[in-house]
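By written order: A, B and C. Residues from 1 in each chain.
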Amino acid sequence: MKYELVMGLEVHVELATESKIFCSCGGHAAANEPNDCVCPACCGMPGMLPVTNKHAVELAVMAGTLLNCKINQYTTFDKKSYYYPDLPGAYQITQWFNPICVEGSVEVTTKSGTRTIGIKQIHMEEDAGKLVHDDWTATSLVDYNRTSVPLIEIVSKPDFRSGEEVIAYLEKLKSLFRFAKISECEEGAMRCDVNISVRPEGSDTLGVRSEIKNMSSLSSIARAIEYEAARHIDALERNTEVLVQETRRYDDVKGRTFPMRNKETAADYRYFPDPNLMPIIIDDEWIAKIREELPVPAEVKYEQYVNAGISEKDAATLTAERNLCDILDGAVELGCSHKDVAGWLLTDCAGILRRNNTTIDKLDIAPAKLSKIIDMTNSGDITRVAGKKVLTAVIEKDVDVESFISENNLTAQNNTDLIASVVQKVIDANPAAVADYKNGKTKAIQALMGGVMRELRGNGDAATVNELIIKKLSE
Amino acid sequence: MKYYISEISAKGSVAVDDNILVKGTPASCGSRMLESFVPLFNAEAVDRLINAGYEISGKTNIGEFSLDLLGETSYFGECTENGNLVSAAASLVAKGDIDAAVNTDVSGYPRRAAAVSGIDFLKPTYGTVSRYGIVAAVCSAEQIGVSAKNAKKVKELISVIAGHDSKDGTSLPADSYSYELTSASGMKVCIIKELFDKASDDVKKSVSDYADKLRSVGVTVDEVSVPEVFAIHAAWNILLCAEFCNNVSRFDGVKYGYRSENYKNIDELYVNSRTEGFGFITKASVLYGSDVLSKGRYNDCYDKALRIRRVALNKMKELFASYNAVLTPVCSQKNYQPYEICDAFEKAYDENLFTAIPSITGLPAMVTKGVQLIADSFCDATLLSLADSVEETEVM
Amino acid sequence: MTNEKLQDLLDVNELRLTDDETVRMISLFQKMNGCEASLSDINTDNVDIMVHVQPLTNVLREDFRDQKFSRESLLEGAPEHTEDSWQVPILVK
């Protein structure tokens, strides 16, 4: 018999705020050491009261907009109770009764085509802390840095029919959220629970469902789905076990899922409205203002770039990273051409970052500085080689372009007399190359060019140098 | 007989209950669980007192998380005088050791305490005094109020501690109220018959005597029927216990405070710390509160109680369309004798009948001369004026 | 209220009662369940819930970071801790 997979996803995404959702401790990216972004509220001490971070609400509305959701104009917070050492108050503030966004959809494309995945709701909540288990001392160490970092949980409808769709969906969320600066979606900042069941193809009743909790790497999610589907099918086909509705966790090392402790899963969370947090009314005016903050979507940017003459491959690379688009658009606004900036970004900047063992998504350069370097190179004020030197200094040390050029004597040498004298000197010193050239080996001119450029410390205008060498050699 | 859990300054004129945080001084809340808990910041009300030049005398003993009648469930022992229970703070004020005390009115304890000790206490309108720095028990209802010998002193202190605080998300703008005293003459007050009928004869007499005194200063006093009081009482106990259960779940032996010595794993650490750290009144409140929030019971209990809260407020607003204030008993009896600790939950549950309306609605309530006056939101000044007008007749 | 249901409540609240307290608690539940009967005195069919007694909305703070408390001070009162973390008996994975 052929079987069909039916899956729904709950995806938790950490929002890229400066501070936490209910207190002003540093947010998702601020922590350096355990418990260095913690206040009395974060470690469950009494006395402090939660006050909601406005930016977290705005980012949740942005996410809802990108996933075509209806924004609930009346939204509230609730408390969910359970005991675990990573939850300092033994309750989590979440949205149970009135989530911020409902009824959305997103299209995912796989080899088998494009399908629409329904979004049931998006709600805001606070994250829990982290536990590090130390077998030597038989203790677990509790770190509350992540406590109260804002999350959105995106709950899909059970619309997934293959592991590929799940991965495509997660990749899509990741690129949408990164591009809109809603979340950096780095390792661990996007976590996923998969509800999975299996049924004979064509059936419209659902099979027994298991929920695999808290996975963060795409490859392990794919493997977990594969394992779990096989387990369900084995149970149905060969009666290897009786399936029960349960929560499981995936062990990536063993490549298997295991049932979780009953206590963790059968709990009644006793949700109730949080009396400390007043309702949030998101009116049309506020929604419109938030939507203005949304960037032009990556697909639209891609079209723009291709129309401006950038190759499709380069346009795809550029629109995968919001920072590259921001730098490119900024430099274009200052008068550079799309093609020029794209070249400098993807060749020169990428090369410099690679040498610094980092990647292009980390590029941080003021568009004004980049456009200045491009302009000066194009106008011949500095050579391409000098331009690259300046660029390196700007990326590594954020130097001022003009003072760096003057301090390092990088202004291009256009003085024909000076260049001519250097050319003569190099020709005199390289009789072999001159002879080769005269015997028809025109490539020998490269050696002479190199010599002249070295003498001029890279600042010679290449066209002028070339012209003068040919002139001298033909004399 | 422990009046203070921690003494701070012998010269101090204002005491602070032990569930209100003073930086560097333990905040036990009358519980073994928090005996060793030392807060890292001052409550907003404490900061305001200190900034206004008041010195804090110390942290007064309270019943465990202020749930009980008068403080008798404190891990550090009860206070009695002449064989009757008294509250530490109210007794210190009555004896003149201090001028005033600030107390968290969780479910009416400082109102009962004022009645028993013959002093005044104002539970202000919810949202007017910041709850920042209270060891939370019932966030939707509790308010810091002021105990003092007379209404003028209460007015002086409440004017200091009230005001907007951005650290409390339920704090109201300060321009919505003031504490200006006016003449009570011409005001109208009504007595809720159902509550009057439930009080002992000597309490009934106190209420009738107070009604006479009000009449003598030109106030009209009527009687009204509010048959909803019993449903409101049940609803209040539901909200109280449910929120309380959630708020004390943070006390688990992991981060601070009491940890049992007897554990081998996290479950034993939790269960033994909480079982040894809490008294029976806390355990009973937690169990009932957790029950009313559970899946099968939420709609009939918690949700229903939240709807009754709206009905209660609407009912009171109806009364305030015709009356400036409502007069009720605040205790079933004039004095309470010490009793078996296992009865504490039930005693408080029952006595909350008289304190429930202001607690569940957030309306201001004032206890003076052993009776309770309730006014509309932001009309705390009406209560102070009524109390002051009667007190003035006695000075003369 | 039955002994089994009470045990569930104790479990979910990480508490234990003595035998005497258990008897007492069950009788308290009977009493409170009796009081709950009065809830139906009030018809709430067309009444909304009221979580907050004051009608405030949109109480929000701006997104800026303000780290006021040191890790050392927060860990000082911990029953068991390392230099940088709270400590509990190991959680079985």
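Criterion: a residue touches a chain if its C-beta (ideal position, glycine included) is under 8 Å from a C-beta of that chain, and two chains touch if they have at least 3 such contacts.
What you see is a predicted model; the values in this text were computed from it and never measured.
Pairwise, the chains sharing the most contacting C-beta pairs are B-C.
Chain C has the Cα centre that lies closest to the mean of all protein Cα atoms in view.
In terms of the distance between Cα centroids, chain A is separated most widely from B. Taking each chain's centre as the average of its CA atoms, chain A and chain B sit 52 Å apart.
With each centre defined as the average position of its C-alpha atoms, the distance from chain B to chain C rounds to 20 Å. Each chain gets a centre from the mean of its Cα atoms; for chain A and chain C, those two points are 38 Å apart.
Multi-chain contact residues, meaning those touching two or more other chains, occur in chain C at positions 12, 14, 49, 51-52, 56, 59, 61, 69, 74, 80, 86, 88-89, 91. Residue positions of chain B touching 2 or more other chains, listed in rising order: 37, 40, 140, 166, 169-170, 245, 249, 252, 254-256, 266, 270, 290, 294, 306.
Residue positions of chain A with contacts to 2 or more other chains are 40, 43, 45, 51-52, 83, 85, 140, 142, 268, 270, 273, 275, 277-278.
Residues 21, 27, 37, 39-41, 43, 131-136, 139-140, 166-170, 242-243, 245-247, 249-250, 252, 254-256, 266, 270, 290, 293-295, 298, 302, 306 of chain B touch chain A in their complex.
Those residues of chain A whose C-beta lies close enough to touch chain B in the complex are 40, 43-52, 79, 81, 83, 85, 88-91, 140, 142, 268, 270-273, 275-278.
Listing the residues of chain C that touch chain A in their complex gives 11-12, 14, 49, 51-52, 56-69, 71, 74-75, 80, 82, 84-91, 93. Residues of chain B that touch chain C in their complex: 36-38, 40, 126-127, 140-141, 166, 169-170, 172, 227-228, 230-231, 233-235, 237-238, 245, 249, 252-259, 263-267, 269-272, 274-275, 278, 280, 283-284, 286-288, 290-291, 294, 300-301, 303-311, 313, 342, 345-346, 349, 361-362, 377.
Chain C meets chain B in the complex at residues 1, 6, 9-10, 12-17, 20-21, 24-25, 28-29, 31-32, 35-36, 38-42, 44, 47-54, 56, 59, 61, 69, 73-74, 76-80, 86, 88-89, 91-92.
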